[in-house]
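Report on the following structure.
As written, the chains take the letters A, B and C, and residue 1 is the first residue of each chain.
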Amino acid sequence: MNRTGRVAVAIALAVLPLVAGDFYINLSSQIFVAAIFAASLNLLVGYGGLTSLGHASWIGLASYTSAWLYLKMGVGHMISAPMALGGTTLVAGIFGWIALRATGLGFLMITLALSQVVWGTAYRWASVTNGDNGLTGLTRPAPFGIDLDGAAAFYYFALIITAFSLWMMAKFVNSPFGAALRGTRDQPRRMSALGHDVWLIRWIAFVYSAFWGAVAGLLYVYYNKYIHPTALSLTNSAEGLLGVIAGGSGTLAGPVVGAAIVVIMKNYVSAYIERWNMLLGFVFVAIVLFMPDGLVPGLRRLWARWRAK
Amino acid sequence: MDYPLQFWAIQTLNSLSLGGLLFLLSSGFSLIFGLMRIANLTHGSLFMLGAYVGATMLKFIPNLWLAALAGGVLVAAFGALFERLVLRALSGNVLGQVLVTLGVSFIVADLCLMVWGGDPIPVPTPESLRSAVIIAGLPFPSYRLVVLGIAIATWLGLYLLMERTRLGAMIRAGVDDMQMARAVGIPVSRLFTTVFFLGALLAAAGGIIGGPIMSAYPGLDADMLPLALIVVILGGVGSLIGALVGSFIIGFIYTFGTAMFPDLAYVILFLPMIFVIAFRPQGLFGRVTT
Amino acid sequence: MTPALQIGGLRKAFGGLPATDNVSLEVMPGERRLIIGPNGAGKTTLFNLITGDLSPDAGTIRLFGEDVSRLRPHRRAHRGLARTYQIITLFSGDTLEHNIALSQLGLSKHRWNMFRPLADYADLYGEARRVLGRVGLEHLARRPISEVSYGEKRRVEIAMALAQNPRLLLLDEPLAGLSREERVGVTGLIAGIPREVSVLMIEHDMDTALDLAERITVLHYGSVIVEGTRAEVVADPKTREVYLGD
């Protein structure tokens, strides 16, 4: 997107709450959460060549840690946020070490198994997580005393966090480390021969990706003021993955667009079709079979062909 | 922590029957992964679909074993069709195949919800096996013993298939070295469909055989798939003996874990998995691939 | 003088079949050593053992006196080892200069930087273009690998290794698939490699390779059959036996 385009988007985002109703403002906040989630997952999938099916674990771990600290220990957000982020990143370090013992399909299976263990624990460890009832009565933070309970206020908060997160991820991707990560995706053996520690590069990418997943998790629990085990489900991880492949894993912006599409589809479609899961499944199959580069490049091609007629 | 002998006896039998069901589920998964290099995330849904289809079939075929066979074949046929039409089109695209199996698992799960509703459907235990067998003064539900027997018989059958038949030799060759297998003229595409059919059959039949113990309910697929994954990670991909040993290890850990530490049963499952991955990433019986 | 490479009793078997059978050899600093042998003699396996892509069943590998037998491949690169591949394994979606930059990054502390844009490292790309100049490809620096010819890709393979400023360079069939003129160019390139770099080369093209080699090691079924100067090896009846099955 060129400069004018970017400025236009920035202006549109800035004035949205002034022109749209609460429903659209809230929808946009949800899109922000999904955008950080999908973009962070894409650091692994698109740039690292490692497909993880356990990304939702980070949302869950960060959300539950924040919620538990508040409800059980009365800890305020200033302390619970870094603790939630730190704790989740620590667990990610361990999970990453385990999962990277195998690459390719082994990695995928292990991330799935690990995330299912976390999900199952969220359901069963009722004394901590309140099981199927979830944890309610949560609050949003009040940075500098500003109340974020209103839709517009939270929107701007989420917008700032999202912009910052994407900016940091862009730096990561454009850095020498990002180039090395892409190298390990394309020719891991060669990268080793050149002196790069492929395992360490992947592990760092895994942990970094999880950190931003945790950031998405905090935004998620602040937005909903509620956390339930379904947030850690395979379906949630799959929706993130859908956002990545729908938007195209080759760029940083692709997953953001993809995530927006998934959130909008979910919100609108569920009004007409009860079977969101089935639709999700069909969309997955359709995209993989017919538009493997993602919706965005696929649609662009269709658009170009239509223009040519 | 004082548990009566009765407790140990019952939980042991439960572990063995769960292990048996897990073997039916994971042997197919392991074969498909080992031969076709596809992590078939639809496998849990095939198990669940088998349970539902079987439960419905029981209304027309009052015999559980026939219903299991009929339901299994039906679901397996659907699985084979999926393999030929969809998975084949994506051969070489590993990520695509995984995503597609994931997508289909969602479709099947929602389909089951749509057709059979949200309430669990109980599957009646066959009349002849409703009683308990007395061993050493303790009552053991007969049906669970039979499930264990079926699992062992299945393992034996699969072992004979793999070691004594041409089909088995071809499968083993394919698992060992796909390029060589193709080079010596093994009809790989027909083999793939056959193995997928077999794997799906085992899973679906397992679902209905497990019916009297677990019922058919929404979410059965999500409960079973991670267990199958952990079994295969533990036992090693493509290894039948690995699937057998892994299934019983997980059966025991899960059953006793849920009984003694219900809150943390899942975390306990975690531990053998980490242990194996840390010291033997290829699984207990798996082979190291370069 | 410490040998650049010292291999002792190296063994590697695949399922009972010995691919490398009790191989011992020494390459002195600055030497140009050629490894030849019929297909399946275990030449590439030997290379993979030296680089660490395969771990030996037995034996030791010493790089300039240091035992590297247990070191992972990337650590050996840091000890001065570089290699090219028989099959082109370049980063085909990237430009030539990006490929070389990745090679330079491998040994640079900057490879861990997660915050500065890669584009900021002007000397990295400048140096990359210089290395490309050494192989006569500076004019193609900004082109993607997918758009250059096979012969040019073979040169990039060599440039990748040279960019590491190695002390020991392993060339795995650098002339494979090249036309006659291209072969002359690449041979000249290899001949022009400075003496600070010891070169170990696998090649099938006997005419050209013999010109480049000072000492030759002949492998057959994983073991060393003949070793010596060019003249000695050519004259030895065992060499002829291996190739012509007399």
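Note that a contact is a pair of C-beta atoms (placed from the backbone, for glycine too) under 8 Å apart; a residue touches a chain by one contact, two chains touch by 3 or more.
Note that the structure is a prediction, hence the values are computed from the model and not measured.
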item	value
Partition of the remaining chains by touching, absent chain B	one piece
Two chains sharing the most contacts, counting C-beta pairs only	A-B
Interchain centroid distance [CA atoms averaged], chain A/chain B, Å	32
Geometric centre distance via CA averages, chain C-chain B, whole Å	48
Whole-Å gap between the CA centroids of chain A and chain C	43
Complex contacts: residues of chain C adjacent to chain A	51, 53, 72-74, 77-78, 82-83, 85, 89-93, 98, 101-103, 105-107, 110-119, 121, 160, 164
In the complex, chain A residues that touch chain B	51, 53, 98, 101-102, 104-106, 108-110, 112-114, 116-117, 120-121, 124-128, 233-235, 238, 241, 245, 275, 277-278, 280-285, 288-289, 292
Of chain B, residues touching chain A in the complex	33, 37, 39, 41, 86, 89-90, 93-96, 98-100, 102-111, 114, 222, 225-226, 229-230, 232-233, 237, 262-267, 269-270, 273-274, 277-278, 281
Of chain A, residues touching chain C in the complex	171-172, 174-180, 183, 186-187, 189-198, 208
